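Letters A, B and C mark the chains as written, and numbering starts fresh at 1 in each.
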Amino acid sequence: MAADQLPGDSRFFRRSGPFTLERILEATGAEAPGAVTLGTSFVGVAPLHAAGPQHISFLDNRRYLPLLKETKAGAVVLGPAFVDKTPEGCTALVSREPYLAWSRVARLFHPLPPAQAKQHPTAFIGENVIIGEQVEIGPFAVIGDGVQIGNGCVIGAHATVGDHVVLGDGCRIGAHVTLSHALLGERVILYPGARIGQDGFGFAVGPDGFESVPQLGRVILEDGVEIGANSTVDRGSMRDTVIGAGTRIDNLVQIGHNARLGRCCIVVSQAGVSGSTEIEDFVTIAAQAGLIGHIHIGRKARIGAQCGVMNDVEAGADVIGSPAMPFREFFRNVATLRKLSRK
Amino acid sequence: MAADQLPGDSRFFRRSGPFTLERILEATGAEAPGAVTLGTSFVGVAPLHAAGPQHISFLDNRRYLPLLKETKAGAVVLGPAFVDKTPEGCTALVSREPYLAWSRVARLFHPLPPAQAKQHPTAFIGENVIIGEQVEIGPFAVIGDGVQIGNGCVIGAHATVGDHVVLGDGCRIGAHVTLSHALLGERVILYPGARIGQDGFGFAVGPDGFESVPQLGRVILEDGVEIGANSTVDRGSMRDTVIGAGTRIDNLVQIGHNARLGRCCIVVSQAGVSGSTEIEDFVTIAAQAGLIGHIHIGRKARIGAQCGVMNDVEAGADVIGSPAMPFREFFRNVATLRKLSRK
Amino acid sequence: MAADQLPGDSRFFRRSGPFTLERILEATGAEAPGAVTLGTSFVGVAPLHAAGPQHISFLDNRRYLPLLKETKAGAVVLGPAFVDKTPEGCTALVSREPYLAWSRVARLFHPLPPAQAKQHPTAFIGENVIIGEQVEIGPFAVIGDGVQIGNGCVIGAHATVGDHVVLGDGCRIGAHVTLSHALLGERVILYPGARIGQDGFGFAVGPDGFESVPQLGRVILEDGVEIGANSTVDRGSMRDTVIGAGTRIDNLVQIGHNARLGRCCIVVSQAGVSGSTEIEDFVTIAAQAGLIGHIHIGRKARIGAQCGVMNDVEAGADVIGSPAMPFREFFRNVATLRKLSRK
């Protein structure tokens, strides 16, 4: 059980290669300005301290420069600023977007296994289900009546897909996911234990206690949305809960009914968005932040970790604190209070 | 995948009706003071902006008055204050509890499907199980030995009900729920992925590390309790963890061992109640609030979002902040600090 | 459905005994200085207020002294400070570690059921699986190809163990757990709905939106680790996510990719540790605290509830607040601000 062998343990990860430097440059769009031996062949990726001459490594944080200096890696993906720090014998693979280039190198050596056209014999498939080509359905999965599954989808073990749910091409539904009352675009990924489409938290006070208000909306997950493990997305009450294309939601996040997130938002672990709140494109919500209901968050706003947002946030604003305030104000407050307490 | 068609997509929701105005008034207890054409028939519910003459709509928030003015809805449920804002041709359905009346209209058109007397052939039922009438058990559900299931219960796909658990009449256990060491009253609803009855977080320091303390209590969920998706309720150690009748718990909430919640409490998403804390009736705990263990929260207290409660809270108090303090004090503090920082 | 009968409801808990006082003293290491009737026999454990002459009870908190005074318990486990408060007829079982002694008494009367050598006929076992002796596999469990399961393991209903996962002896995998890309030591316990080994939250910005960065590390759970219900532990990206021996993680906790926790740490409910953060041995992280990524927490540090940790924390430090600061400073700030606001 020794930790820290090379990444990509072959028991768990598919492996491809070796690849020539040319193939790697092509895949990444990086350049190798240092006039290197073309035709060199690489077998995989590794961190700076563990890489050997046949590995490609990566640097994007100044604080790891000491490791770069001593690396035995055959090549390193990095930004232009670090090229001249590359040790002799190591090829600099230079990219203006080094993390993206690195991601593609890693994917080249460790491609995602494609969906296989097989339904596990223990899966339960309802009536009038439409299943595309190359669809993989795992053990004990439950596919409800009238479900539509696009080409190349993977449905994990024990996943439950409710009646009439629609999945676009290339979706991956993790093990133990519950999915109902929902329409999914293409390439949507749901991680294990995500709960999508259950009733929102809505009730009226009746004479004998609370009475549940019918939750009559759906969940719309647009193309490329990803939702983390054990996160919950409630369906809408009178309109739909919508997660815009490309938005990434981490683990243990709550999205309340009728909420709307725009395109390419990021919602980090344990954050929560209350019902009917609207979030424009490219918004980042850091870990454990909470947004009350019925507010509006402008495009490209950034909500800091543990922030408590009780009011609208303007486009492009950076807020933090509980209640939320501009970053500068928050840290000025912290400094002021510290000074006053020391008196 | 267009969002925002009318609510109640017939693929996902059962539909009833049409209903006459008389039937609707009877179901809701609302009144139609405006001398309307009795016998008018309605086909469903819709939001103000999307409703047509055959739909019933709803207003309870002043900020949507502009939508009321332009609505094409045949009738609108609203409170007495808004009656004279209702446009011509639209019938005002007036209620002193408009949200409750609205809830009942929506339920009338979209009744909850009743439990069907069927056990899915893939479900696994243990020995000496007592199953009431009209009980529905989903695919791959696991019902342990000696379980008692009341009339009209629904057990979802992949739910696991541990040995000797007791369910009163009309309970609904969601997909992927884990339920053990528990006694449930009537009409208890557990949403997908809720975990009820596992060991509490209790251990002593022994010579070779931590040693788990046996958790010998149970979970008692009284009549009408609802527990949200992926929430966790640990069983007690020496006494029971108890959730009082009618209490509603949202998604991703943690309830520690031996905690006791009274009747008709509300616990919003991602809040946490630590072990052995006692909460009286009608308490509201807002999202992401946390309560330490062994404290007492008085009747009708309200705990604000992200509040960190380290001490007892008196009946009827409103607290917020971390550490918790009265609402007024919290916002005065915020204002004071802002003023001092600007100097 | 009456709450608060004696603990250890025989429907849910295995029961052993009766045991003599000698046997109990031997199991716990406690002493009975009060010259008691040896040979007395006890049938179980009970809280002070409910115990009778045949029960053993427990006191470790001064605030329950009034209950001690009136208890009918035959014996009470307690620390030396409370011996002279024990009422007549009640035997004081004195231990310098009363909670540990108590834990062992309770375990004596309510032993954990050992694993039974049985595979449920509905479980699905892949190819080339190595299963040790006395292994119990529950209904609808899925065991992937090449999995190794040590002696005495229990795999719960609906658990999914991914290909090539390794489990040491004596592990207990709860119902509905998802486990992949992981190596487990001995006696690891995963509570229901825990998600271990899924992709970390890593992506680069590409021309058409976010592109996932391959997550090529594993999860290593060392001996005796416990992970609570619905908690999530992501696998590493380039190195492993590691949880050190004996560490206890509560419910709904998030552990990000590449994070490392040392030995015997405690992480309480709803806390979150971001990616690549390193935590030394014996660290306590209280409920709802959050740690950003790439920081270092020294040995025996204590992070308070709801704390927001943005920087390294020194060994032995006590911090609280958001942003984190020393306990004393935090409470001084609270007092200062209160005073200033009242002016």
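Operating definition for what follows: a contact is a pair of C-beta atoms (placed from the backbone, for glycine too) under 8 Å apart; a residue touches a chain by one contact, two chains touch by 3 or more.
Because the structure is predicted, anything quoted here is derived from the model rather than measured.
In summary, the pair chain A and chain C forms a contact in which the copies contribute largely different residue numbers, shared numbers making up under half of all those used. Per the C-alpha superposition, chain B sits rotated 120 degrees relative to chain C, a value rounded to a multiple of 5. One simple way to say how far apart two chains are is to compare their mean CA positions; for chain A and chain C this gives 29 Å.
Shown for chain B are the residues that touch two or more other chains, namely 140, 158, 176, 193, 230, 252, 270, 288, 306, 322, 337, 340.
Those residues of chain B whose C-beta lies close enough to touch chain C in the complex are 124, 140, 142, 146, 158, 160, 162-164, 166, 168, 176, 178, 180-181, 183-185, 193, 195, 198-199, 201, 203-206, 209-214, 216-218, 220, 222, 230, 232, 234, 236-240, 242, 252, 254, 256, 270, 272, 274, 288, 290, 292, 306, 308, 310, 322-323, 325, 329, 332-333, 335-337, 340. The touching residues of chain C, when paired with chain B in their complex, are 1, 3-4, 7-9, 11-13, 45-47, 58, 97, 99-100, 102-104, 106-107, 110, 120, 122, 138-140, 156-158, 174-176, 191-193, 224, 226, 228-230, 245-246, 248, 250-252, 263-264, 268-270, 287-288, 305-306, 322, 334, 337-338, 340-341.
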